[in-house]
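Multiple structures are listed underneath, in structure tokens.
Each of the next two complexes has chain A plus one other chain: chain B in the first, chain C in the second.
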Partner chain A sequence: MTTLTPTPQSWLRRRRGLLAMVALLIAFPFLVSIIVDGQGLGAVIANDQGNARFLQGLAIEIFILAIYALSYDLILGVTGLLSFGHAMFFAVGAYTFGIMLKTHEMQWVAALVVVLIAAILQAFLFGVVLVRVKGIAFALVTLGLASVFWIVIQSSDLQQWAGAEIGLQGVRAPVWFLDTTNERFAFYLVTMTLMILCYVLYLRIIDSPSGKVFHAIRENEDRALMLGYNTFWFKLLVLVIASVTASLGGVLHTMHQPIVTPNIAGLGFTVTALLIILIGGVGTITGALVGAAVYRLLQFYLDRWFGAASELLIGLAYVVLVLYLPYGIVGTWRAKAAKRKEGWERLRTLLSPGERPTS
Partner chain B sequence: MSVILETQNLRREFGALVAVDDVSMEIEEGSLHSIIGPNGAGKTTFFNLVSGTLKPTAGRVLYKGEDITQLPMHRTIHKGIGRSFQITNIFPNLTVFENVRLACQALGSDSFRVFRSHLKSTAYLERAEEVLAEVGLSDRALTLARTLPHGDQRKLELGMILAPDPDVLMLDEPTAGMAAEQVPELMELVQSIQEAGDKTVVLVEHNMNVVMSVSDRITVMHQGARLAEGAPAEISADERVQTAYLGALYEDRGGS
Partner chain C sequence: MTTDTKQPEKVSKQRQRADWLLENRARVSVLAALAFLFIVALAGLESKDWFPTIMQGLSVGALTFLVASGLSLIFGLMDVLSLAHGEIFMLGAYVGWTVYTRFDTTVDATVPLLLVIAPFTLMPLWQRMARWLRTLGRKWHFGIWILGLGVVYAAWYVIFAAGDADAIEGEVSGAGAGVTIIVSLLFVAAAYGLYRKWRSNDGSVESVKEAMSLTSWSLLALGGGAAITAMTKFPLVIWDAEDFAKSPSNFAVQVDLGTLAPLPADSFGWPALVAFVVLLLGGSLIALALSSLQTAIGDVAPLTRKHWTGFVAMVGLAIVLHLTKASLNEWVFGLSTTWRFFLAIAVATGLGFAVGAFIEVVLIRPLYDRPIYQLMITLGVGFILIELVREVWGRPEFTMARPAAFNGTGEGCPGQGLGGFFSGCSTVEVFGGRLRVYNEGFVVLVGALVLIGVTLLLKKTRIGMVIRAGVQDPEMVEALGINVRRVFTLVFAMGSGLAALGGVLAAPSIGLSSGMGATFLLGAIVALAIGGLTSFPGAAAGALLVGLLQQIIIRFGQTGINLPFLDEPFKPSPTVVPAAAILLMVVILLVLPSGLLGRSER
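== the complex of A and B ==
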């Protein structure tokens, strides 16, 4: 129909990278079990102790971080809203789910509904701010909102619910596939599926008519307004989507960690999201997944090998990453890939007889 | 011909400064109406008031007989008023095609469809190609807007206003910053668009040669107020205009 739009490829071909990743992630615990632990495939199903079980735990943390970072990339990378309160989006999910299960002894489905409502409400809260302020001012107000939340959940008045400074302890798994202690492999598959689901949905979202408007808002919000888009509703939509996604990450976090500490509501955790998408590539979506893996693995292995010196080494690693991969891993890769493609095309025109390049 | 756009005693104050001083203007449907005046005459402020970017201190804006004074910026385009800016105002890191496609999509109803590919809304894709052909940017469709030369960016901006097929085009110095030899090309484009689509064009322009040759009617603004209005010949013969604007300009040129 048109020459300007890419020709659609078959579903399998377009998704071959994703399918390969899913296959690899499912095979991963089994491979570790056979190669590293020297055990059979049954050890994974039986959730035996060993490297396979341990590395699944680490992978689950990466999946949760990836879900969390995806939502931040939608806000910051795609739409260009600078929010410093993103940790709150995650923590509201984590705390709400934990409190509903533990203190209120709710059914897990009902608890999820409460989390969903809480997530949407907090997006509206941020949205109210958004009407008034933009840019750096928005960053500061969101930072303030998140700080208030961080202080509130640590207050001793709320100890019976949120557990004050210690955090939320003793949340029991409500259903077998959310039980990371006894059903590690099942929980691994659940978090992986949810991460992939979020990833695919996010790819769809940024390619949708709404997603295109999100990009327009990042590029030039006044122009988007002038074109006839009421940008406020689009920004609110972004906040709702991101808030629900990050809360889902929080829910999984509550299930995976024995203690939900107030740290996940602090500024440090927002910076974690920022670092992850800087490593992966801001606005690339895929970068959130890659960044989460690189971030957590760096943090974990540097800490294991170098102990106290690891903080310094992590800092150095970031400096190197930013210097040599200014657009993050995925962003730089894509820029280079475009250049390579251009080069190949030029070579092909040069080599093909009778067809002289015009310029 | 009927009046499509009308302002009644439109006034805007910035503190003690009266930027637009009780301007009443009638713009006829299908005409090319230019607004000229020295720097600071209030031309751009007048544009901002009509397009909803600014709210007037007093007065009314009527479009097809309907009061649009309080309409926010993002609603005026839905009524059929497209507006360009003096400073190039595009989406720099999106492709030329996407810039125009977004302009087409803005008036449709599927901007809130979150899980559907934008490529399925083929009407916008086709319209965007049409518009790019019209402004002569088809071969640059897939380049990033920021890499275009300035003249092409002005054309792109024109395309973005044209995309939703508005009845009134408000162009704020469309040739600003363009090389002199590109100006006639762009103005021919504007004229052909106006004549082909029977559109109304409101033009703010500094280039006097351009204004005199293309306009049906000219309004001269001076210090926020409407100084004179008439056909190009009447305006160039008007003594007040010559002293306030043309005279000063020609003296400057003579002196240099």
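== the complex of A and C ==
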């Protein structure tokens, strides 16, 4: 009964989980507003204070982290490039957009074009390195490049543009739908749409013939070369895609946070991406979204309960994850798919009155 | 006849030289360019500036080298780039500071630690016991699991939930209650899972293995819980004082303010004997658990008098330390600060060694077949160490007083010439420039001694030979019947010890902060990459280069560089200095992917 040509209905059916998630995310602020705050639906649109507004802010942070982690998963998880400079990809987007808007007073579309050019240029910068060094040396060079950026961005020489150690502040929202303080729900929808778009796009890229080559590079680069693929161009392509995506995350970060601190360029923020995809499952793409949600909520609640000790607990959780759950949530879930199905079957036979399990 | 034979030989030698030049042309030209830049830079300095600048460069280089040397050996031998190395450096500095400034706290902390570690000397006993555990019936195993679970829960409750309940804000304890309920439910679920596991245990090899590993973890939980519970009842200067609870997480600041009053000797939460016994028991359980976690226990060595002597010595030392605490503290505080500094060096280096060995055995060893995860786990360990230091010692930066031998002032100071280094002054004047004896004399001296010592160790001893062979081909070394894993542990521990030594040395000259580890790790990685990742002399050369470059740039930052296209001289601020070294690394790696002295990959 299998049809070889996919129909639109079958596409929708295959993506029903995603569609349900989108519907749930759109409904989420309204639900919170009604159930927790006891306010009406209009309160969300009118941007009233309350749990709905606060939780939307938290969700926006999760979306931004998810976009950022998605791009890292493409580099590290799918293509197997060990880059320790990923925070720079994010920070370049954040700082470029902020500086273009604030100091140069550009139109937001023009600023976005500048960010796009900057993102592609920095991907080329990493790409130049890629020709010469591989493996651990690549990790070191990328770490080095990102550290240079981090050091430069918080030096007092660039105070008037980047704001030195305090960071970039006072960037005004250029259009109404990027205004997180006055139009929280619109911004929420914008970030969510962008995240979903990136996610679907990434799934599509990985399913494409080029995506297969990315996997091949991770598994055995020499073999991919032998098969006639010039792996350099594919790796460069991965870097460009990831850089543009991460910069997009950075742009949204600039819009959402009142201050863009230099922390987002440091090694710690790369570790955040690493932690997120470890939680979700390295190389699973979906894991980046799950991981971002788990990570941000964990961080938020641990900080609330344990205060300063929360960072220590996150570090411990990280070590435990690396040691005992190397495939992450999504990876483990997929690995157990057969067993889960078996369990459901058994439950169904137990519940159905007519049949008794043999033995 | 003789001329005939000589002639071709000479030609071939020339050709060899030419070949060597051709092969290493990139290397030679990079070295030439570096030397040229160095000379230009020094020529641009005033004559009284260049000697201090070089010496300061050597000083920073020596500290970087102490971190880089261990990193290089570890990376060469086991392909692990330990990103926690800078944090061990930092830990060394903080522990050294504590021994130096608050010896009483150190004694307080040493006693319980000794008691917990003492049972590890009786390893054959625990191994035999672990073997016996495997023959136990299912019911016993189940009992141990449930007990372990209960202890974890109780320890969690005592440490977090109970502490949370008397917090200032009512809201926090409400959240704490919520967590308690969730965690309780989790524990019930875990108990149910254990019950299922117990039921399905059919006596096959796999199920026995699974049961044993669960039992080991439960034993670990039991031992750890016992040890932690007893330690909280132990009188520790940093733990008990009530004002510490009022303004938490600031050991260092309280020391500075003098509000950290020493406790009375008999302030045990329990009778001393009970605390001692529980600590010993906890240590024994941990040792038993660790030995039963080994999948295969081979031939167990007989328990000899040597083991017992070690055990009795450690327990005896702990008891003697505890009983003579007051007079010991008095004696040590009566010593000159120089002796206390050397004591701090010894303690911190030893601790770095122990921490390194622990990290290798517990965290790195299970991951040898997953190299990227090794890198990630060292990153995580570094993160934890930073947070630990912040929790215990507090966040702000602070300094350590220089020991008396390097802090002399008064008559005849500053000393003159090279001989002035031994005059006991804090500063010395050489070639018209002023140097600090500690920073530019002692630190450089120790760095040079370590370089010579490690080189001798590598070249002249048997273990050094094994290490060098292991860098080239670990599998072959293993095939020759040498226990490479043990060498791995030793090298990791040694490298960590050297890093901790560097930390103590750095404390009086550059001060302590929770960011110092990251700074020096970056410097060390740069040095390693410049010198060639697996080459030990390369690490030394790279560290030297990094130190010199940074100091020269700092010096130029004060005077300004006259760049051709700028009207004003360009003055880089001190914060951008590390960037220069990193850029140098990037350039060198792009020209020479295997570094200055590394083996080139073909």
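Going forward, the second predicted complex is superposed on the first by the 317 of 359 C-alpha atoms of A that agree within 3 Å, B and C clash if a C-alpha of one lies under 4 Å from a C-alpha of the other, contacts with A are read in each partner's own complex, and residues count from 1 in each chain.
What we mean here is this: a contact is a pair of C-beta atoms (placed from the backbone, for glycine too) under 8 Å apart; a residue touches a chain by one contact, two chains touch by 3 or more.
No experiment lies behind these values; they were computed from the predicted model shown.
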>> Let me test your reading of the model: by the given contact rule, A:D157 touches which partner, first (chain B), second (chain C), both or neither?
In response: second
> First (chain B), second (chain C), both or neither: which does A:L237 touch?
Replying inline: first
>> If we overlay the two complexes on their shared chain A, which of chain B and chain C does A:G228 touch? Say first, second, both or neither.
In response: first
> Which partner does A:E311 contact after superposing on A: first (chain B), second (chain C), both, neither?
Replying inline: second
>> Between chain B and chain C, whom does A:E219 touch in the aligned arrangement: first, second, both, or neither?
In response: first
>> Once chain A of both complexes is superposed, is A:V129 in touch with chain B (first), chain C (second), both, or neither?
In response: second
> Thinking of the overlay built on chain A, is A:L351 touched by chain B (first), by chain C (second), by both, or by neither?
Replying inline: neither
>> Help me check something: in the complex, which residues belonging to chain A touch chain B?
In response: 1-2, 4-5, 8, 201, 204-205, 207-213, 215-216, 219-220, 222-231, 233-234, 237, 241
> Where on chain C is chain A touching in the complex?
Replying inline: 81, 160, 164, 172, 175-176, 179, 249, 363, 366-367, 370, 372-373, 375-377, 379-381, 383-384, 387-388, 390-391, 518, 522, 525-526, 529, 533, 572-573, 575-576, 578-579, 582-583, 585-586, 589-590, 593
> What residues of chain B sit close enough to touch chain A in their complex?
Replying inline: 51, 53, 73-75, 77-78, 83, 85, 89-94, 97-98, 101-103, 105-108, 110-119, 121-122, 125-126, 128-129, 141-142, 160, 164
> Which positions of chain A touch chain C when the two form their complex?
Replying inline: 82, 128-129, 132-133, 136-137, 139-141, 143-145, 147-148, 151-152, 154-157, 267-268, 271, 274, 278, 304-306, 308-309, 311-312, 315-316, 318-319, 322-323, 326
